[in-house]
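Note that subunit A is present in both complexes that follow, paired respectively with subunit B and with subunit C.
So, the complex of A and B:
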């Protein structure tokens, strides 16, 4: 895909400003639902950056997996744990924020310095462009076959682990009365077992 | 008009990564912590893709790596949100400051 350089530059500037502004708002906005939707926007513009880099397959994977799966998962999590709660004030929170911001700026300065002064071996070989998808397939089934198979095992493990962790165990019979317990998925008021007692 | 080189992508990825780190440290909502982790993983992916396009144009090993990173990120999100759900069930809060189960 050959785009004129000026078009490429304008697209890069627009997409990168969406990424930066969106991610800052994801971190800073009060309402977590806005954050989740802005996160979807950030993922979409990162997919646009991949398209600028001639990687259509990874851009499609980014849209499918991140926007379609991870972001929806995060929205469901927000829906399941959405409770308006007054956060307890914590001592020294402001100082912590300023201190960590200073450390992050230091890290940023270090990374940007490394980015700019390292003599990258440019220009590299000519990019293969449209052939990229076929080349990824060749890689996945020849020299990256073992990581590919391990990734499938990892996904299976993650799926089973998520089910086991998120399941709520309900006994079939009430221990006290011997009656059959209602097994439906209705949200019942359950007894929290690990309530924080340190504050009172 | 100036041309977009490798360094622009690297600086963008550094900015995104540092925003993710700050959010990871300072969020009090556990869901927002998971979002910050996703932002950091995306920054790494942008790095890999930029290197793959500008330095490794023929073999594009960076693109294969970012496919793997996307896979691991999906698995991480699923397990992380399951852990978050079970924590919420037991503690009835998502405040990171009240998760002190491992503190002695």
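So, the complex of A and C:
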């Protein structure tokens, strides 16, 4: 075993243990902020696994999208809505936990079985490494054009929806009373535009 | 894994420039070591060198900042620590090093410690792709500039982490502001980089520089991407949290933002991180828009005018050193500009900042991308078809 292969094995073992321990802690930890930060760590380790598989573009995209966007968004949501309230104890929590644990272990058993009975073609096709970026681009704009466009339209819809839901709009005239609204306020009041104010 | 020297060699470039690894391996083989051992001995050297270069770059920048700020306010600035106060940054660093490391009583110890590390490490990792010459970089990875964009998106997590862990409302607000600023300015930044990448048909920083150095000064990207250059520079300043965009640590509003509770070496890590980021951004602007290591007049032309072979070892050495000097010179010109901007522009408000990012820079950079694509189709020779 030469140095390169042993380094890869060590990296793989470290990364996969971080992924497993991290994702279990994401689910089990009581503190939701820790869970969110650990999720970031898990995403980073998955990116590291992609790097080990010689897929550097996918790894960088993983970091950019999952760590830089999704995880930051989750953290933002947690920190902006950080109400310290006592949650009511749910009835029959133990039974629920046992049920969900059973389902999770069943899924794990299923995955392990799939892993064992599938005839994996090892070693798989050779990784194209640095050419992957160009190849992904070619595929996205030729044979995967339709899914790519559909995904973009879906994202656009989600974005417009988010803007409509979150927008704080101040009309020049109050819909209900017809009075002129004072617009000098810098911090606009939080009135969702979807709520019909004429009924008040 | 990350190294891709094979890719480097496939580019048909007449002048390959200095190859220090090759010379080092040869020298080690001369001593009687196998190539593999020589490679392992070589590996840490560029990393250590770049780390040292980054830290020295920070010391110089801090000194420049103090001196230029003083000049802008008609003061003298640091004077007694060394000639012209040049040792002042060292004294600052030493002071921070020996200060007591205080963790607030109700802070979250783990997150509080991890936060500054998460801010600093991605910035240092990004130096991986900064080229000082044809082969004078740690690793010519194929994803090049994309690596920097994705690494810089990790930073907000460190800022949020330290803001949250400090258990202080100013810190939390500062952290949230920093993260919001960082993610909103990343989009125009990435779009303006995309326009450059479209012209050079490659993400690799070496290719981007090579594509600019065909006829010297006139072929630099700044002439083909003037709008992109301005967008990139504004966004880079915002990413570095420099004035006019230093809202996360606006001292009149937020004490010192997410750094409020930090002292000693942990504070120094933030300080170091922000200055390394400034130097890195200046270096990247010079690589993307100002021709990187290229001399205003191509060295090959000068060599042929004087009647020298550009591939002769002495000329190569001269070209290599001139390349390093040019890169650093351009970067420090931009640092100088950033320091001048600090003392000439007022700080923007948070709503102005977000308006500028989302309502002005984002549409403009999209239009810039579209125009670049159109020009590339119309004038493929000038815009890298």
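We take it that the second predicted complex is superposed on the first by the 159 of 200 C-alpha atoms of A that agree within 3 Å, B and C clash if a C-alpha of one lies under 4 Å from a C-alpha of the other, contacts with A are read in each partner's own complex, and residues count from 1 in each chain.
The rule is simple: a contact is a pair of C-beta atoms (placed from the backbone, for glycine too) under 8 Å apart; a residue touches a chain by one contact, two chains touch by 3 or more.
Here the structure is a predicted model, which is why all the values come from computation and not from measurement.
In the superposition on chain A, A:178 contacts neither subunit B nor subunit C. After overlaying the two complexes on the shared chain, residue contacts for A:80 are found with subunit B and with subunit C alike.
Touch criterion not met for A:92: it reaches neither subunit B nor subunit C. Greater residue coverage of subunit A by touch, when subunit B is weighed against subunit C, goes to B.
Of the two partner chains placed by the overlay, subunit B and subunit C both lie in contact with A:61. In the superposition on chain A, A:111 makes contact with subunit B only, while subunit C stays out of contact range. Look at A:119: by the touch rule set out above, it reaches neither subunit B nor subunit C. Legend: residue contacts after superposition of the two complexes on their common chain; A:69 is shown touching both subunit B and subunit C.
Touching of subunit A by both subunit B and subunit C, each in its own complex, is seen for residues 8, 52, 54, 57, 61, 69, 76, 80. Residues of subunit B touching subunit A in their complex: 1-12, 14-23, 25-32, 34-36, 38-39, 42, 45-46, 49-50, 52-61, 63-64, 66-68, 70-79, 81-86, 88-95, 97-98, 100-101. Residue ranges on subunit A touching subunit C, taken from their complex, read 3, 8, 33, 37, 40, 44, 51-52, 54, 56-57, 60-61, 63-64, 67-69, 71-72, 75-76, 79-80, 129-131, 133, 186. Those residues of subunit C whose C-beta lies close enough to touch subunit A in the complex are 1-2, 4, 7, 36, 40, 111, 141-143, 146-147, 149-151, 153-154, 156-157, 160-161, 164, 172, 175-176, 179-180, 183, 186, 203, 351.
Taken together, the subunit A residues at the contact with subunit B in this complex read 5-6, 8-10, 12, 16, 19-20, 23-24, 26-27, 32, 35-36, 39, 42-43, 46, 49-50, 52-55, 57-58, 61-62, 65-66, 69-70, 73-74, 76-78, 80-81, 83, 85, 87-88, 90, 96-97, 100-101, 104-105, 107-108, 111-112, 115-116, 120-128, 132, 135-136, 139-140, 144, 147, 151, 154-155, 157-159, 161-163, 165-166, 168, 190, 192-196, 198.
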